[in-house]
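Pasting a structure here, questions to come.
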Amino acid sequence: MDEEETLLEHMQREGMSRRTFLKYCASLASLMALPPTAAAAMAEALGKAKRPSVIWLPFQECTGCTESVTRSHTPSIEGMIFNMISLDYHETLMAAAGHQAEAALHNAMKDNYGKYVLIVDGSVATGLDGAYSCIAGRSNLDLLKEAAPGAAAIVALGTCASFGGIPKAKPNPTGAVAVSDIIKDKPIVNISGCPPIPVVITGVLAHYLTFGTLPELDALGRPKAFYGETIHDRCYRRPFYDQGKFAKTFDDEGARKGWCLFELGCKGPVTYNACATTKWNDSTSFPIESGHGCIGCSEPDFWDAGGFYKALSTPANPLKYVGAAAAIGVAAGAAVSVANRASKNAAKAAHEKTELPDLEK
Amino acid sequence: MNEMQLLTWARGTGLNIAIGLFILGMLWRLIEIYTLGRKQDLAPARSVAGASGWHTIVRRSLPPHGMLKRSPVSYIGGYIFHIGLFIVVFLFAPHIKLAESLVGLSWPGLPSQVIDAVAVVTLATMLLVLFDRINNPVKRYLSSFGDYAAWALTFLPLLTGFLAVKHLLLPYTTMLALHILSVELLLVALPFTKLIHVFTLFASRWYNGDISGKRGVPA
Amino acid sequence: MTASLQKGINALKEVIDAPVASFFASCVHCGLCAEACLFYTETGDPKYTPIHKLEPLKRVYQQEYTLLGRLAKLAGLAKPVSDDELEAWSELVYDSCTLCGRCSMVCPVGNDLTYMIRKLREGMAVSGHAPEGIVNATKRTVELGGPMGLKWPAVQNVIKHVEADSGHKVPVDQAGAEYMVLLSSMEIVNYPEYIAALAKIFNKAGISWTLSSQAFEATNAGIQIGNSDLAREIVSRIVNAAEKLGVKKVLSPECGHAYMAIRWEGPNLVGRPFKFEVVHVLELLDELRAKGVLKMKDKLKTPVTLHDPCQIVRRGGVLNAPEALLKEVVVEFRPMTDRGKMNWCCGGGGGASAIHEPAAEELRYTAFKRKKAQIEETGVNTMVTFCANCRITLEEAVDHFEMNTQLLGLTELLAEHLED
Amino acid sequence: MQSINEIPVHVLSPDEMLTGQAEAVLSEISDLLGRLLATGEAGSIDLRSLPLSPADRDWLDEKLGRGEVEIALEAGGRSDLHETAYAGVWKVTHRDTEERVVAEFIEVAYVPAILRPASADIEQAHERLQASLKQNS
């Protein structure tokens, strides 16, 4: 493939029409919450973009992120994107294994130094010098530190890479941390979610290809286009929340009528992600549409944020100290009470019967 | 600490501590106040005082003759923000859910549009009563740090709650955490500020009604 | 700390109780008590706000009876109550408070502010911060028997004149009478007609009664200055005399604070219930009216209005008798808008009328503007009242403002028009 | 449970799932039409970015109805474009080769933008046609 070939040329050579490309841009614009009219401008820029080299490093992960992305069948939009990048290293997907694979990695890093996009999924184990997770005898920590300096940008894919995720859940035995906890001097995009939405990856790559920069990020390093609003904001059940109509159990009348799942522990209001818009399983539905509350998987420490089935307004165990507090309160009150009585009795004892001269100063 | 951790702390450990301190403070203060005792009244009552204390508890919620005209802001503003606070605190669905998880009691709430409207009116009224406190010579004269602090302690939960629900100013997660933290602050401070009137006013009215009732005067 | 200040604070510590603590805890500084206080409404000066007048009592409460206050005091963070402060507060606790109790009726959290002012006066009095006028009145009452220094021979003299003028006998020291009648010095000196009227009514109703040579004076300056020891000493004279004569009832004169002293504070001062009943003269008259004994030969033609004395009505509970009696004897009664338990004070109650410093008198006249407006609103020139102290205060103010309002005592008015 | 048919199915009336959002979409369409008339500027609404319930969508489709023009576009999957009962209001549904809906718009325009061929493509077509003529001659 010609390195200097643009995306549009590549596509047209593959037999794709301009309208297909336009259609693709329209759907991307929709995904990235750009106005539909922006599709044309995007098509123009994206048409002129070049294919970048991508290196994909898997750390402490479950392969769910890779599954999520590859579940998109070719030639889908996601599939087309993989046509547009040069995926030079991906342990799970590549045909090569062992020393061959390692060689491919090092070649890619050397050839595209300073230009490649580094995708990381999984958290980085730091306990016991990173010994909890090793590839070819080297710890994830080492690999990351080796691969990061040559990357143009790093994409932390999934909640584990973004925020530590489930490996970091209490008590975090492996000392798992996020990519951003280790690498401080590179632009990092966090594409959180457990797993992340595949089209979000596409969107970020498309943005990178279109504009040559990373998209605008929120305070947690996530692209605002996808994480700018909460699940709750975009949820089709939101009007029921506003009307105060809540399902109380998973099999009551409210649940059947599709009322809001807030009281059943839905974390939609504090979860920033695009599930309600992009949906899952070939755009079939998303958890709330299937009748289950959002568990907040794209947020840091979602695993330790109270129970999945506890309403957000419901605290974990608020009456924990009440017994002890009541005992101390009564004791303090009783102590003051006793002291007050003593004080008042002393005042009474000190009473001298008033005589007229006392009224004068 | 990120915003999710802040929220988790606020509605976890933070709330545990706040509720604990609230219970501790309330019991301590109520015992401190009401064990001071009072002398038995030896004068024979004109009429049996009976329920006059209880009558006063109810009756004092209405302005005595001529008072509404003398201080309309205190009465009307007072009514609006007290009733508004009651509605927002006790009839907002997530709050009811909280009560249910705490004590197992549930009751019907109001639609969130109604709650929004009540919250806006209550916020505006609280600003008005603050303005009145600064503007009215008597209130300004009586006011010290404690009065403004009590106002702020009441206003903040309402404001942060409203901003959280309407997704204004800060991300919802952060605002919800701030809302819960402000409520915790209120809980901890309540027993030691004039906000304790929420509880003691019933006893105060009862004493007043009882003293007057024995003499045959409905207070 | 001076010895007298020590005594004052000790006195406050003795009287602070659960209601006081509850009241201070409940106050939200809403300022509505000011709107009920004529010293604020007529001057517009916020220092006259009732709850502000209680500041020293509040601080003593906090520093002595709350844990945080005690800790603050130990750490030197609490501002102690000083002699200078109490001296400054004298004006607020005595000159500008008549214990009228109107604030206690409006406080939205239910604070009985008057109850607390009365207690604060205990500390003010023993620390030597009561105004000179009230101190002198108290001294005269304790030493000479009455605030005006009236002695029994002088009373006897008045009785002789009354008997001669009215033709009714005035019994003295008659054991076993149903009523022992108390008088106030002011009535004896200024309105001896009151005694004649009573004699006439008792005779007509066929009720036995008596005066006591040992205790004819009903007023009790000890209550006004706020000293329980002295108030007890004064009230004990009545109790002893009444129980010695074995009367069933003691009749309190119109005078407001006298009624408060003997009816409501008396048993608490003495520390036991009385062996007799205390009846206000209007209660007796109203009872006679209901029985049909009280018949009028004619009625007063001029339209009148009524001033309700605070200590008898709002604080004393004689709520319905006054208007019912008044309607018996007048053709036209024009009530004031705020009346009964919501009346406005004359401005001279609670001992205030005994204070003769020019500033205090000036303040009283300013406060009177409230009553003046009330009188003018009714449009009448005759005002009936039933408290000698109110009457004197009102008459002084009427003269001061050169109004042509005539003051009448209710009992006298009734006596004057009573069927022969 | 013996067979899947025994699972009770509860059918809801469409009204029960209406959230009121679809009505807002309708009024926005009306505004866009007004703008199209006034300035000639086309507009569109991304239906997938709105929190519409399935019932809302049905309601909206029903309200808009179908007009005279139906266009099928075969470009990396089938796209349906049809004019609604309101002239100038188009419903555009893009699908990929797997028949999944990838984008759904209401487009308010004289003709949906994607239908207009690009000049470059026409140029190329022209060249190709000429080449073809040359070959034949």
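To keep things simple, chains are lettered A, B, C and D as they appear, and every chain counts its residues starting from 1.
The working rule: contacts are C-beta pairs under 8 Å (C-beta built on N, C-alpha and C of every residue); 3 or more make two chains touch, one makes a residue touch a chain.
This one's a predicted model, so the numbers in the text were calculated from it and none came from an experiment.
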{"item": "Interface with more contacting C-beta pairs, comparing A-D to B-C", "value": "B-C"}
{"item": "Separation of mean Cα positions, chain D and chain A [Å, integer]", "value": "32"}
{"item": "Approximate Å spacing (C-alpha centroids) for the pair chain B, chain C", "value": "38"}
{"item": "Averaged-CA centre spacing for the pair chain D and chain B, given as whole angstrom", "value": "55"}
{"item": "Distance from chain B to chain A - Cα centre to Cα centre, in angstrom", "value": "39"}
{"item": "Junction residues of chain A, two or more chains touched", "value": "233, 332, 336, 340, 344"}
{"item": "Chain B residues counted as touching two or more neighbouring chains", "value": "28-29, 32, 35-36"}
{"item": "Of all residues in chain D, the ones touching two or more other chains", "value": "none"}
{"item": "Interchain contacts (touch definition) - all pairs", "value": "A-B, A-C, A-D, B-C"}
{"item": "Chain D contact footprint on chain A (complex, rising order)", "value": "16-20, 22-24, 26-27, 30, 33, 35-37, 40, 73, 75-77, 233-240, 256-258, 276-278, 282-283"}
{"item": "List of chain C residues in touch with chain B within their complex", "value": "16-23, 25-32, 34-36, 40-41, 44, 46-47, 49, 51-52, 65-68, 104-112, 115, 263-268, 270-273, 277, 313-319, 337-338, 341-342"}
{"item": "Partner chain A, residues of chain B touching it in the complex", "value": "2-5, 7-8, 11-12, 15-17, 19-32, 35-36, 93-95, 97-98, 101-102, 109-113, 167, 171-173, 176"}
{"item": "Touching residues on chain A, where the partner in the complex is chain C", "value": "332, 335-336, 339-340, 343-344, 347-348, 350-354, 356, 358-361"}
{"item": "Chain A-touching residues of chain C, taken from the complex the two chains share", "value": "4, 7, 10-11, 13-14, 16, 64-67, 70, 125-126, 128-130, 135, 138-139, 142-143, 225, 227, 229-230"}
